[in-house]
Each structure stands twice: as C-alpha cells, then as structure tokens.
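In the two complexes that follow, chain A is the common piece, with chain B as its partner first and chain C second.
And now, the complex of A and B:
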C-alpha cells in the first residue's frame, strides 16, 4: 500500500478593498480594479501555485459585501470590479471577514484540505468612520485567540494593511501579527493611484511567494524584499511605525 | 561541433565572454545568454551567475565539470542532450562567479494564454504536465495523451538510472526541474549544479521543492530520487500537483509498474527499488509497444 502522505494544502487569501467615495479620487479605484487581473495572470502562469491558492474578494464602505467567494481566481473569466459608495466602516469589513473566514475554513477542512492560516490584504484610503473603539474591538474579535483556553477566533488571519491616505496610527494597528507582518503606505507627495498600483505588485509577489512555499515548514505568508518595492511606496513593521 | 571545443578549459574568464539578455532569475542565480564567438562551439550557451558565490562549494562544482569532461563521447552526448550540466566554471577578478551551460532548446518552451487575453512564453516545466484538463484548456497548452505521458516517464526513468549508475543523485527532482517537449516527448533536467556527485557532494546545500519532500529522508539520496520519481509518475498520470498515492493511477499501469510504485512510495527507503528496476520496466513496456506497432503495420 502506498503511503497516504498528508492532505492537499490550501492557502486562503482575502482581498479587502475600501470603496468609500474618496477612492474615486486620483485613480485609486482604477488601480484597485487592476488587482484581480494581475493576480489572475500571475496565477495562471504558475499552475502549481494556483493549485494551492484560493482568493476571496470583499469590498466595504458603510457595509461590506463579498464580490467573489473564496475560490480559484485563475479559473475565472472576468476581473472583479469595484465601484465606490458611502463611508468607511472597518467594523463592517472585519465582521464580514470573520464570518467568511470561519465558514470557508470549516468547509475546506470538511472537504479534506490541509488549510493554512488565511492572509488578508487590507486596502484603505482613509480612516474609519466608525466610532473610536468599535473598529479596534471588531479587529480584536477577528485576530484574537487564546490557545490555552481555546477562546477567540481559531482561524484568525495574518493581516497586511495597504494604506493610501489612511493615518499611520490606524495602519499600524492593523499589522497582524505584529512581529511578522508589515504595512505598506504611499510616500509623501506620491500619486495615490500610482502608489496603489505598486502595492498591487507587492500583493501579487506576496501571493506567489507564499503559494510557492506553503507546506515547506516555515510561515505560509511571505512578503517581498524591501529592495523590490516601487518608488512611490514604503514598507514598515509595527516597531518602526511611531 | 555541438560541444565546447577541446582547447577550452574547465575554467573561463568572464572577460572573454560576451553576455546579452537575462533569461531567468532563480533562488541561486541569474541566467544570461552568452554571445556566440569562435572557441565556444556552435551550440548556444548561457551563463549562470550565482547571487552569492561565497556560498558555493567550488570544488564540488569543478568536480561536476570534470566529471562530464571525463565521460566517453556517447555518455557525454547524452549528458549534453538531456541535462543542463555545468560545462566550465566562469571566474572574475574576485574569483569564481558561476558557470557555462548549454541553453535549453526552444522545443522546451510553450506559449500560454493569460486570463487578460495575452500570451506568455514559458519554459515547459513539468507543472504544465500535471495541470488538469480545464486548466490546460484555459492555458491553451497541449495536453499529452496517456501514451505520451508514459513515454515521458520512461525517458525520465532511463535518465535517472543513467545518473544513479554513475553515482549521481539528482536531489531536488520536482515540478520545476523537469522540462518536457511536446512534439517528441523528450526530457531535460535543469538545475544540474545542485546534483550530488558520489564521494564529492553538491555545490549547494540540499534544497527541496514544496510537495516534493521525501517524508522518510531529509538528506537527498538515491532512494529519495526513487520516491520523487514515483511522485512524478503518479502526478503525471493523475494530472495533479499534490497526490502521493498510486490509487488514482493504478488503472493506467501494468502490474509491474504498480508494484514498483508501491515500493517506491513506501516509508522505508531500504525497501525502495533501484532505478534500474524502473528502467527494466520501461524497456519492456517500450518493446511491447514497439512490437504491437509492428504487428499493426504488418496488417
């Protein structure tokens, strides 16, 4: 009898995009609309990675909606398009994320997959319009888990925030885990649309690096080297952001 | 001449070769085209320059170069046809930097369709052999028949047996390191500078591609090559990237191959068959197919 070594591995990604009205300025929404095209092209060319990577696409303003449920983006015929509306509720985004991740991971496990910790690419161009304290609570409910008492959210994701106009203090609080993830932001004076396009390159590179390494024993989420970033963006980790 | 001319030593100065465009970039180094010139033969060469030359075991790399140069003509031709073997070490002012190898022929390239409607030229890695039918259709890449897949398997089996007979372990046999041609079902192994020469070792620390690990052996050995060869067989026939069991492909195989697969995938490396056992199976099956073809021709 041949060995039955392991289950098929899956690395779920959640692309969460702020579509508040301010995203219509400076070409930001156009840049966001190029994200799934770039991802689909990169994944299609590397089927061995596409085999392990699943994407869900969520947008949010006053409420959040799932534009593309978790699936194989490389096999889709159309790009996911975003259109602007309303304000910027991080609470809506985090609550929807938690609901989606919980359901998706349970389903994948039931289907027999070895599910790696999800990663969230969170793109926002402004501070939350939620009352202060509420979005932090929703973020904690998304990311907190106590292994000893088994309380909290066991499928908590890694979060990589991308900010084009969001306050640094807010962006910093979205880095998770604080010792391994990073955030990306536009440089002062950079065109936000150009900066977001360069952040898309980071997002695609992270997807491909992570997809190629999942199952190798190390962390499933990998980010590109700082030297490979475009000219209009900066990276920072939790400790270096004041 | 299809090989480096005799006067060319196993060591070449970077200042004597002209480099053109970058062809590929990997974890260990960058591959660039070498401009043809007298003295370098008439087969296109490429230069692999390591990102970190200090991390390379140059004695082991020179041993690989010398091993090829020591071969009789027939074996050397086979190496040059089926392996991207290091031909000569390239040195600069600061010491050795990389090596020359033959460029892989365009027979091992393919054009794939991108979802946005364009097309991209890609090297025909084994990953394009293991895609399922819907993905192959989207890529617009030809899907080999089961008979063609078996021919590719037989060729790889023969090549592994050839290397093991000569005390060479492949090490990282995986999706990325096996190339295949569509028209005539040929195989080429790349990243040969990571192979392990018996009694010498490898120029690089062992690397294992994700999903191509041998659960029984952390250090590459001939028996881990056999395990990975069996993964290649089940994944090529099963059109899957992650399966490790023979269950899904048993119907496509004869009883000898089933036994070889089960023994090759077992967790006890000492129980795995030698590459020659796989090569003997390939030889018998190829002969059987040939004789059937002859009968049909006669009718």
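And now, the complex of A and C:
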C-alpha cells in the first residue's frame, strides 16, 4: 500500500445485465433501462462520491458485449439502453468480465490511480444455457486467487447477484466472497419488473455507501440494511441459502 | 481567526519563494494555483522605497485575492461542493488559520474542512492549538474520529487541554522526557469524558449516569503534540520533541533532505491498509515516549492530520514535491490555509497542518 500513497482512489463497478429474450417479459428490460439514469442522478448529487467511482456496463445473452467501457457515468448525457437477443451464457459474461477488469485495472494503475477491488452487479432472469460445470469453471476463473502462490486472478471482483427468475441454487453460487456479499431475489408472486426496480435501488445505495466508505478508509463493498429493501425483494447470504 | 475575518484584514499577498529548484523532488504533476500570477502590486506610478517594497499612493488600494490551490486533477468535488451555513452557531469554522512568532521561530497553522464533510453538512473534525512561553513553543493537532458525530468537540478539547497541560508541565521540568505523558493524556481523556457526559446526559439525568464508553462512541480523537525550545542551541538549532497518538503525524521539512517523517508513516510497508487508529479518551497502555527532533536553520517541523498526511505519504511524490517547495519558507497565514486546503481528486478528508520554521 505504501506505493499507493498520494494517488487518487478509484472504485470500479461492473454492471452486467442478462438480455436473453425472456427479459422482454413483465417490464424487466424497461426496469434495466432505468439503471444508468438512476445511477447518474445519484452521482450528480454526490460529487465527492462521483470522483471515486467508475462504471462499466456489459450485457450478455449467447455472447457478451461492452455497452459502456469503464468510465465516469456521471459525465454521460445518455442512458445505456439494453435490447434483448438470444440465450443466457454465463460463461460469455464471466469471460468478458475477466478480460475487461484485467485490462481496466492495469490501465488505471498505469495512469497512477489507487484502484480498490472492483464490484460486479450481476442481473439475470434465468438459469444459464451453458452446460453444467462450464459456467462454474468460468466463475472460478473470475474469482479465484491464491495470495501465497500468486496464481489466479489478482483483480478478482466482489460479486453481488440479483435474480429475477433465476434458480436460487444458481444465484447462491454467484455470491462472492461468500462471507461478505449477498444476493437479492424477487419474492414469490412479485411482479418481476417491480422487483428489478427495487433491486436497482439496492445497487444505487450500494454504490453510494461503498464510494463513501472507500474515501473514509473503510471497506470497498457495502450493502444497504435489510430493513431498507423494497417490499418485492429479499436478500440472502450464502449460509442462509442451503 | 476565521478565514472570512482574516481575508478582510489581509494586506498585500506575500508570495512565498517557491522557486522549483529548492524542491528535492521533481514535480510529477502540474500544480495549479489560481490565479496563477498575482496582480502587479506595483503600478508604474508607485514610488520605490529603499527596502525594496513599494510605497502606495495616498488613496491607492493594494491587495490581491488568495487563490485556491489544486495538485493534479482537482475532481468534481472541488468545483461542485459549496459549504452550507450550519444551523448550529457553535459549529467550528469551515476554515481557520493563524500565524505568529515565538522568539525567532515562525508559526503557521491552518485547518480546513474537507469536501466530504462540506457536502454532508457536518462539522470539520480536525483542530489545532498553539501556545508559547518564554522557553517553549507548543503545537497540537487533533483529528476527530469520523465514526463519532461529536468528535470535533473531542478534537478541540484535546488540542487545548494538552497544550495548556504541557505548557504548565514544562514550566516545572524543562525536559520533555520528564513530563508525565500518561498523566497528560489521562487529563485530556477525563476532560473529554466529563464534557461528553454533560452533553449526552438527557435532561434530568445526572451526567455520571453516562458510561465513558458511550462517550467514546460519540466523540474520540487522535492527538499529536510538538514542543520546541524557543532559545536556540549554540550551534543555532532548536531542540524539541514530538508525541503522537494515532495517525496524526509529524514531519521535518528541509531544503536538503526534503520530507523526513518523525512519526511512523501510515500503512508504510503494510500489505493491508488499516484504518484502525489509537484515539482518546481511550488511553494507551504504556506512556508514549517523546521523539526528539532538531530543527536546523531554514527547516520546518510540521504536524498534520491524515487529511494532509495521506496525500503526502512519505513526501516523495508530487504532493510532497509541491508542498515542500511552497513551504520552503513560511507563507503568509492566509496563503498557508489555501495551500493546506489544496484540491486533489478523491482526497476529501479534513486537512490540518501546523508548522514551525527556524530562521536560516
């Protein structure tokens, strides 16, 4: 950390959105299309936090694409819009994430920033269409790092999964790190679009809390209190999802 | 004196000699003082006088604004965050500065609220105090722990109580190592707890009913203390000592050696950055041992909160290069305050620095 002194702090966030065809149902994609507007509004009111956070927006179906490369979302005039296509390849999402995070963090470090651990907001409305075992392997490649042997991915992110329709067993496996992150899901019978809108509130709150925390020397990932959640969603940590 | 009061009383801007050659470290990033050049204080019609300064015409106004400083990219906070007037008239000033002399030593002090507290409309939690006797100059800096909503009051109490206790103690011992440091810190801690109990006790409840731990959760502070002998040694140096509790630090600044930490640099060499810090009213188990310092001619001793210490690091980066050049000689107090409050993207903590310069 000694070589980080005097450098501006940066907290990178990756917003990853499932755009498989099923997202067009129940207003889910409309809710997703409101995400960057909500983030921009929140950041506009908090320049102290906006100075520290960067966002990248990635969507995925059969393949993943970067809609907004890591940058200052608060300086954008337009919202990022998602359009549905194809299936649900988690492998494509995780591989693209790893490539993007690796390149972004290296670039930020080269530019003289003190880069804090990235956080991924992962939004999906269904189980992966990848063969079982493959998406788990891709997730492990994104999140595994051995500090003693220095093998794996040193810039592994914290992952906060948001599920509207995804199986709990799948969602649970995406909580990372298991002892500190959580997942969010729609309650039974809730309208998926409404649930996703409430998840966006969680995502925005987490961004602001984390951004403020990093400046004060606190942890780089904070999540809102369970009591502050909307009526249509639930939170769960790894241990409670057996 | 608040900056507002002071600015109305300010005279001609005294531009410090910051010729870049005096900095031991090459400046990696641009420093942007605004305005970059002060207005010409000497109109063509002025009459030069023998001491090199300029005599004004009888009704001529002479003066220049103190500009804002930034090092590297200032960030959105620097341009967009505007401090609001507080509802509480007892809240500390947004910015406070002082300057003065003690013997041939020159003192400058400034405490500036950071952008985070300005935006959140919460008080500046740093504070400082300075005092001098015939024998000693005493400087203190405290940084209220951000988790405590009333930590600014603990910081102010700690600065003032420790400075006055030390002033009296040095009147009887004249040797920093003979001061009972645990008693000094205990005295400060008791004052914080007594004050906290008074403030926190609900109406009709005896103050003693409030637990000391409950006070510590609401107000806590780091503290750094420096004492410098006003009379120089036969070799022209000024001897002194520093005691620091928590991450408020002290540096020597000289033309030849640049920045030299007197206290350990936060997180230096640590794998994991730690924000855990010792804070009053909790007391250390062992008495702190004063670190001796020698102030050579032309050098400075500067106490600082981590709002300055974190961007400064070990002083070998661009922040250290710029501040080292700006503070190679004591700036005027208002300029010193503007420099302590320099903008730098993501460095939004409260800033306090108190420096003492020995004559060349």
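Simple rule for what comes next: the second predicted complex is superposed on the first by the 235 of 242 C-alpha atoms of A that agree within 3 Å, B and C clash if a C-alpha of one lies under 4 Å from a C-alpha of the other, contacts with A are read in each partner's own complex, and residues count from 1 in each chain.
FYI, contacts are C-beta pairs under 8 Å (C-beta built on N, C-alpha and C of every residue); 3 or more make two chains touch, one makes a residue touch a chain.
Everything numeric here is computed off the predicted structure, so don't read it as measured data.
Student: Given the touch rule stated above, what does A:76 touch, chain B (first), chain C (second), both, or neither?
Tutor: first
Student: One more residue to check, A:140. First (chain B), second (chain C), both or neither?
Tutor: neither
Student: Quick check for you: in the superposed arrangement, does A:167 touch first (chain B), second (chain C), both or neither?
Tutor: In the superposition, A:167 touches no partner, neither chain B nor chain C.
Student: Pick one for A:48: touches chain B only (first), chain C only (second), both, or neither.
Tutor: Both partners, chain B and chain C.
Student: Once chain A of both complexes is superposed, is A:212 in touch with chain B (first), chain C (second), both, or neither?
Tutor: both
Student: After superposing on the shared chain, does chain C or chain B touch more chain A residues?
Tutor: Touching more of chain A: B.
Student: I'd like to know which partner A:40 touches here: chain B for first, chain C for second, both or neither.
Tutor: first
Student: Of the residues on chain A, which ones does chain B touch that chain C also touches?
Tutor: Chain A residues touching both partners: 1-2, 4-6, 8-9, 46-48, 50-52, 74, 212, 215-216.
Student: Taking the complex as given, what residues does chain B use to touch chain A?
Tutor: The touching residues are 112-116, 118, 120, 122, 127-128, 130-131, 134-135, 138-139, 175-176, 208, 210-211, 215, 241-242, 244-247, 261-262, 265-267.
Student: So in the complex, the part of chain A that touches chain B is made up of which residues?
Tutor: It comes out as residues 1-6, 8-9, 37, 40-41, 44-48, 50-52, 74-77, 79, 212-216.
Student: Could you list, by residue number, the parts of chain C that touch chain A in their complex?
Tutor: Interface residues on chain C, with respect to chain A: 72-73, 75-77, 79-81, 115-116, 119, 146, 265, 267-273, 275, 310-314, 317-320, 344-349.
Student: Within the complex, which stretch of chain A touches chain C?
Tutor: 1-2, 4-6, 8-10, 46-48, 50-52, 74, 212, 215-218
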